[in-house]
Structures are given as structure tokens and as C-alpha cells.
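Paired with subunit B in one complex and with subunit C in the other, subunit A is shared by the two complexes that follow.
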Partner chain A sequence: MPEAAALRHWGGTAFIYAATVAILLLAWQGAAGAVHADFLPGPATVVPRLLGMLGHADVWNALAASLRRLAVSMALSLVGGVSLGLVIGRIPVMRALIDPLLALSYPIPKAAVLPIVMLWFGAGDVSQVFVIATTATLPIIYHTADGSRRLNERLEWAAAAMGTSPLRRLWRVVLPATLPEIAAGTRTGTMFGLIVMVTAEMIARTDGIGSLLFAHFDTGQNVSMYALVLLLGALGLLLDRLLAWATRHLTHWAIQ
Partner chain B sequence: MTADAAVSASPPALSLVGVSKSFPGPEKDFLALQDIHLKVGRGEFVSILGPSGCGKSTLLYIIGGFILATHGSIHANGRLVDAPGRDRGLVFQDAALFPWLTVRGNIAYGLREGGMKRGDVNRVVHDMLSLVHLDGFADFYPKQLSGGMRQRVAIARTLAYDPGILLMDEPFGALDAYTRSVLQDELLRIQDSHHKTIVFVTHSVDEAVYLSDRVVVLDRSPGRVHSEVNVDLPRPRRRQTLLRDERYQQHVIDLGSVMMAMHADA
Partner chain C sequence: MTGELRPSAARWLGVASIVAVLVAWEPACRFGAFTPVVLPAPSSVLERLWFFMTDAQLRGQLALTLQRLAAGLALGITAGVVLGIAAASFRPTARMLEVFIGVLAPLPKIALYPALLLTLGFASAPKIALVAIESLFPILIATSEAVALVDRRMLWSAASMGTSRGRALHRVVLPACLPAIITGIRIGAVIACIVVLLAEMVASTNGLGYVLVIASRNFHTADMFVPIVIMSLIGFALDKLLGWLARRTNHA
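Up next is the complex of A and B:
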């Protein structure tokens, strides 16, 4: 794309983004005016509160705890999801074996299992990371398995003809060829992970944004609750944009 | 073994003895190839010509070591073929370039797999790029190239690590007529300088006669050798001279009739 056109395109996108946000804020403010301010405070109240909260260490500590938890979970999900996905995608027997188990476990809300996991590992990071990671791993497994199964066989033959052993082909051919699918799975998985993270933190009540959110509920600080929900929304948006950007850079060679 | 074979210094580049291939079917096995005997001399350009479904690509991939023959044996330079090997390079119809690698990365792939040093790799890549007239395209990705350019890269990638035998599966089949002619001429030019042993699968009579020293015609159901034609046309070949050559025209007419007869049977 020529630079001027790209800039125009970017400007257009930014304008639509800004307009959407403005309309949402206006609608929110309007709704807030119609309802009791304690139940639904408007953005004119919530946004300044959020900015005020960002001046204190509480929110930053919670945010740091949540992000660290999410990062550890996603790292585990990526390693486990890609490995298991490749096994399922490349070995038909394993697919027949593991696929039903996955199909069975996919619809179970992992947060519902958290109390059981807490029985084993306590309420700490281990249990929470376990729940977040298992949730985020599933879409990564599915995408990796799908991508590595539908791989153009000729690519492998070309590599084999040039002397690449089957095991080495996994690293040199299968993995790079599956990268676009892995990236898509990671993006979905991260969003799943973020959702379950908040739930897990609200149940475990150790630290993190979810825990802080519930603490505000306990003490009846409704405006602060709304402020944290807003913060979570912003966090989700930021993470998604970041992953979209990384995907574009890692898989720009793929045919769109 | 005859006295002749015993004293012959080197075995043929390729030797197929009684090669058959059947695929399991629901009722009974499907016989794709039946009792194929074929010898290809070093530096010889042999085309496998046949109608679609005659198993010519299957035969090529059996020689490549990707598909195992049900019966018979294949020897490449005297060694039994039971797996892919760097002595037999492949060029596919769809180029099959690694899309995540640049043109340079694709051509360098086979060299690196062979353990070549970085400096030598760069030199060979440079030479290959000029051989296929793609200087300046080293940093392009496959998706940025036209079909003809991709096929040039595929040829360069295979030539780069210098396999003695080239196995080409309708490499120009998906290209437009003009690009196809240009690449045919380039392949002739490369063959004049590199003297590879080439097995070239095609369904185009003109292409087979134009490029080959010998054309092996396969019939179908089951795939078997129908006939062989020696193309006694001198090299180097030039398109404008060759197309006017009566011997070329006669080969095209004769082989064309054979192909038409096969299609009529189907």
C-alpha cells in the first residue's frame, strides 16, 4: 500500500474507532442519567475515578499480579498447546485417541473446576494458573492440529528430498508452515485466558484485578468496580491489538 | 549377467526393473503401474508422456522414494532406492516453495541441509539467481512472485545443491503458454551447461519432443509402457530452428496420433 493511502486508511480506521467509543460513552452517560447513580454511574464519574485509582499502588500491584499470572499461563499454554496440537495433527492414532477427550473437556467452564483444583493445590498461583492455562490451551491445540494436518504435503517432500529427516522437518517445515494457525489460536486463547483469569481471581481472592474488583464489591464501592471493569476492557483491547500486530509481523509471508 | 554389463564401468543413472504399484481399493486393489522397465543414462533427458491417470506422476514419486513400489526395484547410480535422497532432486508443478522463506532462503535451504558454509551458500545462491534470471529478487517472498518466477526459484532451489538426477513433475503445466516457452528454453540452456539426468513428466507432446532425448509413452489402466521414441535432434536446440525441423514436426505428429488413439480408447 502506498504511504499516503496507508495513512488515509489508518486515519479512517482511527476515526471510526474514536466515533464508536464516543457513541458508547454518550449512550452510557444517557443510561446513567435514567438510573440510580449508585447502580449505574456514568463515564463522567467512572473515568475520573479510574484516573484517580491509577495514582495509587493498589491498582498497579493488582495489574502486575494479573499480567504475571496471564503471562505464565500463556507461556505454558503455548508450549503445551503447540506440542499437543502437533502430536494430534501429525499422528492419526493420537488424534483418534485425544480428540474425544478434548471435545469432552472443551465445553466445561474451567473456572467451575477451580474449587476442586484449589482442594489439591490451595488457592494460590498454581491453581489459578492451572485453570487459566487449561482454558487457553484448547484453542491453541485445535488450531495447531488443524494447521499441521492440512499442511501441503509437497513442502515436506521437498524438504525430505533435500535431506531433512522427519524429526527435523517438524522444526524446519511443519512448525513454520503452521505458524499462522498457531498465532490465531494464541489470540483466541489469550482472550479466553483473560476472561478465566478474572473469574479465577474473583474465586481465589488472593491478588490481581479480579480479586480487587470483588474487594470493592464487598465494601460497596460501586464506582471503583465500574472503573476496574473499564480497565479490564482496555487491557483486553490492548492485548488483542498487540497480538494482531505480532501476528502480522510473524506471518506476513502467508497468503491472505 | 552378460559380459557387456560386467565390464560396463558405471551403472545407468536410473534403472527400473519390473516396477508395479497397486493401491488398496474397496473391492479389489487398483493397479496403477504394471511391470515398468526403464533405464536412463547419465545426462539423458527422458520425458514420461501419457494421458491423465496413467500413473506418470506416481512413477516419478516412486523414483523419488516417496512412494514405495509394490513390486520391482529402482536403482539410482547403482544404489537401491528405498527413500528420498539428495541424489534425486524434485521440481513440483506447484513449485512447493517454503512460503516463510525468501527466495534466498529457499535456494539456500538444500545447501544448509548439506552442511555448506555460509560464505559458500551466499556464492551459490548468487550464481543460481543469475542462472534463472532472478538477480535482484533474493529478498522477495514467494507470494510476491508470479507463477513463472516461482517455478524458476523451484528449479534454482533444486539445482543449487547439485543432485545428479532431476525429477520434474509437469513443472510448467500450470503456466501460461508464453511463460511456458520461456522456461522450456531456459531448461534447455541449463541442461546444455549442467548435463543433469532428467526425468520429466508431461502430458504435452510438443514439450516432450522439444526437450527430450527420449520420450517414454505410458498407457493407462493399468499404467504401462506403450512405446519409446528416440528424439534424434541435435543439441543445443534453438526454438526457431527446431520448430521448422521436419524431424521435430514428424515426432510431434506421430506421438500426437498415439496420444489421440489412447484418448479414443478411454
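Up next is the complex of A and C:
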């Protein structure tokens, strides 16, 4: 795409996004004006409050605690999910053994298991990372297994014919060829992880944005509570766009 | 190395692995590797599950949760399918819907739950609303994508034979999109099963989530497994049922 056209395309997308956000904010403000009650403040009061809250350390500490948990969970999920996914995708016996267990674990409400996990590891980071990571690992396993299974066998034959060892083939052929699927699984997994992160923080009530949000709810600070909802929405949107961008740049060579 | 197994062999291996997990779990608890508070044996969970099912009061809690699940899912499906078809049928609204989904889908909807509690009270309404909102997005996304992919030539031939727009929607668009919509509902249904339990745990007055929280406060670990096992089984059954239905309706 020529530069000018690319710029126009970007401008168009940005405009539509801005218009949609504006419509959503207007609808919210309209609803708040119609109800006119403490429990539903409009964005005209919530947005300034959010900006004010960003000047204090509380929100940043909560954000740091949440993001640290999410990052650790995603690192564990990526390592565990890709390894297990490759094992399932490349070795039929392992697929037959593990697939039914995964299918059974898919509908388990992972965040609801948190109270049980808290009996094992306490209410802190370990328990919360455990439920976030188990949730986020599943889509990564599925996508990796699926991608590595559908790999074009001729790629591997060619590498083998040129004397590449099996381990090296895994690293140099199978893994890169599966990368688009791994990226897709990571994106889904991260969004699942974000949801479970907030839920786990609401249940464990130690620290993090979810815990702070409920603390405001308990003390009746509704405007601050809505400000954190807005912050979480912005965080989700930012993460989603970031992962979409990273996926495009890492796998632009793959046929979509 | 990647030669496929025979399907029957694969099935037997699958059953064997599930049995192996249960067989290893049971004696590990029976012979004291884990105390019952840390990890109860599968047999004691099963025993509690049986007790739960024979107790009228606890069955009432299950019924309450199922009502909330059904109401929320029904709302989510209706809103998702109607909004998806309506918005995706026209180009300007289709583009707007796409951005609307792009902005709102990444928001962890559970964060809205305190706001729903404030606006809708502490009874069933906020739980139903949360289930509806959570199940809405996968259904909305699947529906709008499916409508966008309907072969335009089918619509042209229907129009050239004098079919009205409304009738074409009913006779062409809906049947063509049905498998994809059902797949969206399948994802939404599993999420709904999870969310209804979480909603009842966070603001617990009654329902299965409340049963879980009470068991957890009293360190009755086997009882904590019961609501989780029940919801997992319901989610599993819905997933299988809708998967079967999606395959049945797919004539492509």
C-alpha cells in the first residue's frame, strides 16, 4: 500500500473508533442523566475522577500487582501450552491420551476452583497465578496442537533429507510453521487470562485492580468504582490491539 | 511418527487415561498423601454429590442457578442473533458493529458486576444480566461474521425469483448462518455456565455459587467440589449437544 493510502486507511479506522467510543459515552451520559441517581454516574463525572485517580499511587500499585500476575501467568502458559501442544500435535499416542482430559477440563469454571486452590497455596499470588495460568493455557494448547498437526509434512521431509536432526527440525521447522496458530492461541488465552485475573482478584480480595474495584463498591464510592471499570476497559482494549499488532508483525508471511 | 491411530484405539486410550487419573487420585487420598481438607478422594466427592441430589433444599439451590443460567442465556442468544443479523445486513451498521465489538469485547465483563448489583439489586436480576452480557459477545461475533460470509449470489438469485427481503432473510440468510450461529451459542453457553457460578460466588445469597462459598468458609472441601462438578457436567453436556446440533444443521 502506498504511504498516503495507508495513512488515509489509518485515519479512517481511527475516526470510526473515535466515533464509536463517542457514541458509547454519549449513550452512557444519556442514561445517567435519565436515571439521575448515585448508582449510575455519567462519564462527565467518571472520566475526571479517573484522571484524578491516576495522580495517586493506589491505582498504579493495583495496576502493577494485576499486570505482574497476568505477565507471570502468561509466561507460564506460553511455555506449558506450547510444549504440551507440540506433544499432542506431533505424537498421536499422546494426543489420544491427553485430548479427553483436556476436553473434560474445558468446561470447568477455573476461577471457581480458586477457593480450593487457596486451601493449598493461600490467598496470594501463587493461587491466583495458578487459576489464571490454567485458564490461559488451554487455548494455547489447542491452537498449538492443531497447527503443528496440520503442518505440511513435505517441509519436514525436506529438512530431514538435508540431514536435520529431529530436535533441530522441531525448533527450525515445526515451531516456526506453527507460529501463527500459537499467536492466535496466545491472544485468546491472554483475553481469558485478563477476565480470570479480575475475577480471581474479586474473590481473593488481596490486591490488584479487581480487589480495589470491590473495595470502592463496599465503601459506596461509586464514581471511583466506575472509573476503574473504565480503566479495565481501556486495559483490555490496549492488550487486544497490542496482541493483534504483534501477531501481524510476527506472522505477516503466513497465508491468512 | 505422525501416523494416525485407529479411531477405536484412540478412544480406548482416552478412556484409559481418564480412568488412570481417577485410580491414582483415589488411593493417594485414601492412604494419606492428602488430608480430606486439602484434597478429598473422588469417592467422597461422589458421596457428597449423591447427598446433594437427594436433599430437597440443595436441589432448590441448583434449580435457582439453572433458572438464572437459562434466563441469561436466552437473553444473550436473542440479543446476539437479532443484533448480529440486523447490523450485519447493512454495510454502514456492519462496520459500526465491528468497531463496537472491537471496543467492548476485550472489556472483562465481570468488572461490570458491581455496577449491575448497584443498578439491579442483589436478587437474580444482576446475575441474569451478567450471564446475558458475557454470552452475548461470542454469539454476536459468530452471527455477524456468518451473515457477512453469506454467498451474495444466493441472495441475488432469491431476489431475481421475486423473493422479498424479509423472506430472503428467513429462507436464505438464516439457514446459511445457522451452523455458525450455533457454534457461537456453543461458546457462549460454556461461558454462561462458568459466569453464573462466579456471579453467585461474588454476591452470594443463594444458588450453587453460594453453596460453594459456604462450604469454603467451613473448610468442607468435598462440598466445594460438588457445585464445580455439577456446573462442569452441565457445561460439558451443553457443549456436546450444541456441537452435535451444529454438525446436523451444516448442509454445506
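One rule holds for everything that comes next: the second predicted complex is superposed on the first by the 255 of 256 C-alpha atoms of A that agree within 3 Å, B and C clash if a C-alpha of one lies under 4 Å from a C-alpha of the other, contacts with A are read in each partner's own complex, and residues count from 1 in each chain.
As a convention for this text, a contact is a pair of C-beta atoms (placed from the backbone, for glycine too) under 8 Å apart; a residue touches a chain by one contact, two chains touch by 3 or more.
It should be emphasised that the depicted structure is a prediction, and the values quoted were computed from it without experimental measurement.
Taking subunit A as the reference, the larger set of touched residues comes from C, when subunit B and subunit C are compared. In the superposition on chain A, A:Ile16 contacts subunit C only, with no contact to subunit B. Of the two partner chains placed around the shared chain by superposition, neither subunit B nor subunit C is touched by A:Asp146. In the superposed pair of complexes, A:Ala177 makes contact with subunit B only, with no contact to subunit C.
Of the two partner chains placed around the shared chain by superposition, subunit B is the only one that A:Trp157 touches, whereas subunit C remains out of contact. In the superposed pair of complexes, A:Gly233 makes contact with subunit C only, with no contact to subunit B.
Shared contact residues of subunit A, touching subunit B in one structure and subunit C in the other, are absent.
Put simply, subunit A touches subunit B in their complex at residues 152, 154-155, 157-164, 173, 176-177, 179, 251-255.
Listed in rising order, the residues of subunit B touching subunit A in the complex are 61, 64, 66, 84-86, 88-90, 92, 94, 96, 98-101, 109-110, 113-114, 141-143, 157-158, 161, 163. Across the complex, subunit C meets subunit A through its residues 1-5, 9-11, 13-18, 21, 37-38, 95-96, 99-100, 102-115, 117-119, 190, 193-194, 197-198, 201-202, 209, 212-213, 216, 219, 221, 224-225, 227-228, 231-236, 239.
Residues 16-17, 19-21, 24, 39-40, 90-93, 95-101, 103-104, 106-113, 115-116, 118-120, 149, 153, 191, 194-195, 197-199, 202-203, 210, 213-214, 217, 222, 225-226, 228-229, 232-233, 236-237, 239-240 of subunit A are the ones touching subunit C in the complex.
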